[in-house]
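Quick notes on the structure that follows.
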Amino acid sequence: MEKQSQRPAYLAQNEVEINPLNKTQVENLPEVSKEAQHMGSFDPTKTLKTDATTKIDVQHTNFFYGAKQALYDVSLPIRDRQVTALIGPSGCGKSTFLRTLNRMNDLVPGARVEGLANFDGFNIYDPKTDVVLLRQRIGMVFQRANTFPKSIFENVAYGLKVQGKPQNVIKERVEKSLHGAALWDEVKDRLNTSALGLSGGQQQRLCIARALAVEPEVLLMDEPCSALDPIATLKIEEMITELVKDYTIVIVTHNMQQASRVSHFTGFFLSGKLVEVASTADIFEHPHHKETEDYISGRFG
Amino acid sequence: MEKQSQRPAYLAQNEVEINPLNKTQVENLPEVSKEAQHMGSFDPTKTLKTDATTKIDVQHTNFFYGAKQALYDVSLPIRDRQVTALIGPSGCGKSTFLRTLNRMNDLVPGARVEGLANFDGFNIYDPKTDVVLLRQRIGMVFQRANTFPKSIFENVAYGLKVQGKPQNVIKERVEKSLHGAALWDEVKDRLNTSALGLSGGQQQRLCIARALAVEPEVLLMDEPCSALDPIATLKIEEMITELVKDYTIVIVTHNMQQASRVSHFTGFFLSGKLVEVASTADIFEHPHHKETEDYISGRFG
Amino acid sequence: MAANSVNVKTENTNTARSIGTRRGRLSDQIARGIFFVCAVLVVVIIFGVFVFLGINGLQMFKDPAARNFFTSSSWDPSADSPSYGALGFILGSVVTTLLSIIIVAPIGFGMALYMTEMAPRWVNALLRPLLEVFTGVPSVVIGFLGLVVLVPWIANIAAPIAPSAANAGNGWAAATLILVIMILPTVVSVSIDALRAVPDSVREASLALGSTRWQMMKDAVLPAAATGLGTAIVLGMTRAIGEALAVSMVLGGDIHLPAKLLTPSVLFQPNINITNAIVLYFSEASGTERNGYFMLGFVLLIISFLFICVSRYIASRSVYK
Amino acid sequence: GSSTGGSTPSTSTPTVAAKTSSINCATGNLATGGSTALGPLVQDAAKAYQAACSGATITTQLTGSGAGLKGAHDGSLNIGSSDNFVSLTKNPEYKDLTDNQVAVVIFSVIISKDVTGVTNLTSAQIKDIYTGKVTNWKQVGGPDLAITVISRASGSGTRNTFEKYILATPETISGANHITAKSSGDVASNVGSKSGAIAYDTIDFATKHSLTTVSIDGAAPTQDNVKTNTYKFWNIEHMYTKGDATGLAKSFIDYVKSADAASLRQKDGFMDLSAVSADAIAAKTPAAAK
Amino acid sequence: MSAQQQISTSVESDERQRLLSLERLTQRLHLKNNIASGILALITLLGALLFILIVIKVLWDGIPYLINPDFYGSTGTGTVGQQIFNTLYLLILSEIILVPIALAAAIYLVEYARQGPLVTVIHFAAETLAGVPSLVLGLFGYLVFATVLHLGLTRLTGTLTLLCLNFPVALRLFEDALTSVAREQREGGLALGSTKWHMIRTVVLPSSLPGIITGIVLSAGKVIAEAAALIFTMGSSNPSNVYTLNPMISTDNLTIHIWYLKTVGAGTIPDNVANAVSAGSAALLIIILLVINIGSRSIGRLIQRKVMAA
């Protein structure tokens, strides 16, 4: 636990609370400390580019589930090739916001969005936007691994087949994406076996590989680690810091340590409103709002 | 929050963690502080009788769900007219233990219990024990209010009708129990409306009233407040401290503050074993076992 | 420079992508249209059933002789002055349906209660598949058994009180028993579903108050399942009133209602109902009579429609889904 | 659009040897149906025809004469067979049907085995039974046994013939002792199994089920009595088509009438039209059809 | 001291008293419980016995014919080879028409339609149609397919009528099968930029295959068992050559044949032969239904395993 000293003071102070690791479990798994040492090897503040261009410029977004408003006037820039973390208590609208970005909310009957999300010159929310194309450019990874009941290869190849890519391209890209998701070594010998045979963490990385395969520009991740054990979580966090070199990443997380470990920017949501967005270090060390401070110091949520 | 100072030091230290109250919610509800002041008006240490007779003497209990053992050699005395709290991490066997006491586990196919639970001279676990009589003497309140889809009156009268009590007795006892469950004032004008129209907290108190109506000697409560908001929780805790004058109470709780607020004795379970049982103050201030200390200081669970 | 080249690359990919997806979108649109047509087909069919039967059935009222359709029980299309009173047929269907549901309800609920609340596992393992088979058993198989087993048996028993010993086996009694066999599996299955839908917490609540299992069933489970059990009754009746061939095989009647309706012996003589009339006479009827059978079919349609509405209403009031 | 299958059309007088070759084969699907009295002959003829002409598919729905006429009229059948002439007063819409007479059928009144001692009934007695006036066999000279009256549905050609030539009035029987059988075969099987039963059916079914036939007004149901119309309970069998028969329908009807099918007619108890006197035929033919 | 003792004894005896009366009460309750349980068990026993006896009776009467190969022949009286062929023909033809239509409708309702009046209307229509007596559908089929559309009494008319009968049943089962596929799976497909229809084909349909198979098998059971809807639409007799795929001819099937032999066709063949054929056919039908009911589940499970272990 010597890592604690490297972390900001506010984390140590609330360590017990916001650490999701189950101690008993960790004690049974000696590998953790080895992995954990790795954990400190990246530091988002080193790759932070405060002047990064805005990849998606979300402005004055209101969102409604039928009559119920779930987002209130949210404006937030998503920076190119940076990790933006969204935090906030349960039900505050993080997932809703994330899902507006690739129009996944279209699937919810009665859902309605207002506002502007400028992506590459067009408005994501525009009804005329080609959502199929949009989703090929803005990929998504979900909270629970939603592997298809197909082989590992077929899972990763799915999006490529959608695009009608030739077989050789598919082969090459599948391998590349599995490398990207740090899964290649574990599955290279069993590409044709069912993906459902993988562990939870492997399945989650498979979903990430699947998303990477179509080479999106932006990757949305909704609590990708919440169902995973500490080791799998670390693997994915590590992967994120690798991926951000090529991809713009938006990640929703309940785990504030995770936000501080992987993200360059953090937005704090409360009851459908974006309370504050700033560089992660700023948010955690000098929050401007009382609510933000209360939340990150664990007084609620 | 001036109440904090009245609580044991270990609680303040972990206040953030084990307080289940959602602060934002609390801030919206000004009544809380009024109620909270009330909260301090009782102190289980004042009514603690370390020499209270043993109402149920549980000895060397093993419990199996089919092949899976869920309780290992649990021995625990339940003192007459005292509140015994059972704490421990999820899945440690608290509910299982509680449900052996009124043979509720009989309903689980393949369940099997070994050991002795001496209640008034007979062994609760004995297959020949009359479970109907037993359950009339040992009442139970469940985690989620399981109100019948009947009127409020019918709900409370249920156990009395089961016993074939005459109408006038039923009337009187229904009122008395609703008083006892601190619900009378809220429902006296709508006794004949459906119980499902009540709020969660009211339904839970209705279930308590229902259990009280048959005048059991022992009342088992399995996380009776876990689905409730802070105000409803406080009402029920208050009610428990009233009821304990007449009833022997066993309560399972995830909330250690609750245990310390209402119970005289506390038993700590871990992985199906009873690690430690002692007066609540002892458990929280001078735990004898490392695991207990780790648990109450929030290092896992 | 570097940034530029990246942009160009992105644009290329996008054009390729949009071409790839456009084809997909077109097929998506076509598929969607086909699916929509198929889904609406169900509405078209039921609408067609109402319209075609309704129009053909109601046409009978162009014939003044048909005015007594709902007021008389004399059906005699071939008489010199034809009469089209359908009350006799309707009465037959109502009587057999009600009698059968009166018999089936206690047995069905009893079986469902036993199977959900008391039965050892093997009993369910045996009975559930059996019930499912019987829910779909061809009605002619039951009708055949009715003819070769039930009718002679009833004839033996009822001969002394029946007006005609030779025909004592046919009639409403046989039809009712046939219907009991036909609808009991349905009623039991739906009742079991209704009882299963009652959460265990209700059972625990009752038992924890010191009730016996029987009290739990009677006072907690049955009331909580009331709406589901109501649905079971209504579905059973829907099936009973529309049952045709099996009933027709044992009814033995033609177009005449027995003279004395209010004696028990009315159950043990050839008798009539709606479906039997249609099965027997529809294929040779013409003119007003033919429309009359369509009208009878329309009456059945309306009755089953009302039953469905009632069951939907009951289900919508259920506490537990 | 008739086509001539594989066999050569022949106009020569058929001989037993040239039996199959004399059928003027047509192909296609032919739905026939109606009279259950004529049923056995149509079924046998269909079988023989299909055996000879591989391209023909013929089905026979035995649902009663009324159903045959209705089916021919509304198009669900290509040929509707009937024991009666179409009654245009009752069904004016059937004027589109063309009559093809194919044979003569003999009906009989039959009683069950336990009705002993009854060999003759007067038409008045039969009428009393079928109008419910007489309910016990002893009233008509039989044993003390309740009469179980078996009828046919009102569309039945057998029943219409019975009402017209024997009762001279519609049946009015109803009640517990009365049942309605569903076809000629069903009548026979019911008379065979019910005690004290009386019914009317073709002589063919009566013979095949070895049932007791009775003389009516002293005349026994024999071919000779029919030829002279001494015995009244017989009728002409018709195969109606919508408009003139063409193609397979025409070919099949021709076959049923033809000398080729004579043995079939004989086997199933039918008489050739030519065997019956012109007077007798005229007596059965309504004025409108002449 | 003594006063205290007295109080405590009186309290104790009160307590005893209460317990004794409670004990008496529960004895009574147990008695009632046992009586009621006995009655329920008896009712169930009788009900079960009824069904078991019917099955035994049918099998007992029928199996002697089933094990006789002549029974399946097609010449002479007392054979059902033709009826078995017709049953299979009808089964396959109606499934070929039914499955794509019902599946398409289910896909529309589950995947495309927005929750709203249209879906409510469709569901209500389906439920109503499912409740329409099959005889009434037979009248409808006669009117529309046989007469208005001039299809006559043919296999095709019968099949179309069966479609009306089975549509709501299959629709319901297919909808259940589709909704059983997790929303996350669908989102997974869409988030990869697949169009909806492509996603349905590649994600939803393969995953819901077990449920779809169950739906097909159960609706097959209904086709096999149906007779009332067919007697006015398909007829009840066979041409000499039923072994043809021609949909424009009129035929019967096993169930119609049983009905026919005991009603309209009674007396055309000897009663004992008719009973033998009916008994044999009834046994055959019961066996088929038993197999279908037990089989549909195991087939579903088998497919599930196959799909999951792709």
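The chains carry the letters A, B, C, D and E, assigned in the order they are written, with residues numbered from 1 in each.
Simple rule for what comes next: contacts are C-beta pairs under 8 Å (C-beta built on N, C-alpha and C of every residue); 3 or more make two chains touch, one makes a residue touch a chain.
Which protein is which chain? UniProt says A, B = Phosphate import ATP-binding protein PstB; C = Phosphate transport system permease protein; E = Phosphate transport system permease protein PstA.
All values derive from a computational prediction rather than experimental measurement.
Q: Give me the chains shared as neighbours by subunit C and subunit D.
A: E
Q: Farthest chain from subunit C, going by mean C-alpha coordinates, please.
A: In terms of C-alpha centroids, the chain at the greatest distance from subunit C is A.
Q: If you count the contact pairs for each chain pair, which pair has the most?
A: Highest contact count among chain pairs: C-E.
Q: What chain lies closest to the overall centre, CA atoms only?
A: E
Q: Taking each chain's centre as the mean position of its Cα atoms, how many Å separate subunit C from subunit E?
A: 13
Q: Quick one: report the Å distance separating subunit A from subunit D, using the average Cα coordinate of each chain.
A: 85
Q: On a C-alpha centroid basis, what's the spacing between subunit B and subunit C, in Å?
A: Chain centres of subunit B and subunit C, defined by C-alpha means, are spaced 49 Å apart.
Q: Check each residue of subunit D and list the ones that touch at least two other chains.
A: If we look for residues of subunit D contacting two or more partner chains, we find 61, 63, 71, 182.
Q: Find every residue in subunit A that makes contact with two or more other chains and list them.
A: In subunit A, 132-133, 136-137, 162-163 touch at least two other chains.
Q: By the touch rule stated above, which residues of subunit E touch at least two different other chains?
A: Each of 26, 29-30, 193-195, 198, 263 in subunit E touches at least two other chains.
Q: Using the touch definition from the top, list the residues of subunit E that touch subunit D in their complex.
A: It is residues 142, 146-147, 150, 152-154, 235-241, 244, 246, 248-251, 263-268, 271 of subunit E that touch subunit D.
Q: Which of the residues in subunit A come into contact with subunit E in the complex?
A: So the residues of subunit A touching subunit E come out as 102, 104, 107, 109-110, 132-137, 139-140, 142, 144, 146-151, 154, 158-159, 161-163, 194, 196, 207, 210-211, 214.
Q: Going by the contact rule set out above, which residues of subunit B touch subunit E in the complex?
A: Per the touch definition, subunit B meets subunit E at residues 120, 130, 132-133, 136-137, 162-164.
Q: In the complex of these two chains, what residues of subunit E are touching subunit C?
A: Residues in contact with subunit C: 26, 29-30, 32-33, 36-37, 39-41, 43-44, 46-48, 50-52, 54-55, 57-58, 100-102, 104-109, 111-113, 121-122, 124-129, 131-137, 139-140, 143-144, 164, 167-168, 171, 193-198, 218, 221-222, 224-228, 231-232, 255-256, 258-259, 262-263, 275, 278-279, 282, 285-286, 289-290, 293-294.
Q: Within the complex, which stretch of subunit D touches subunit E?
A: Subunit D residues touching subunit E: 29, 31, 33, 36, 39-40, 43, 46-47, 50-51, 57-63, 71, 74-77, 182-190, 192-193, 205, 209.
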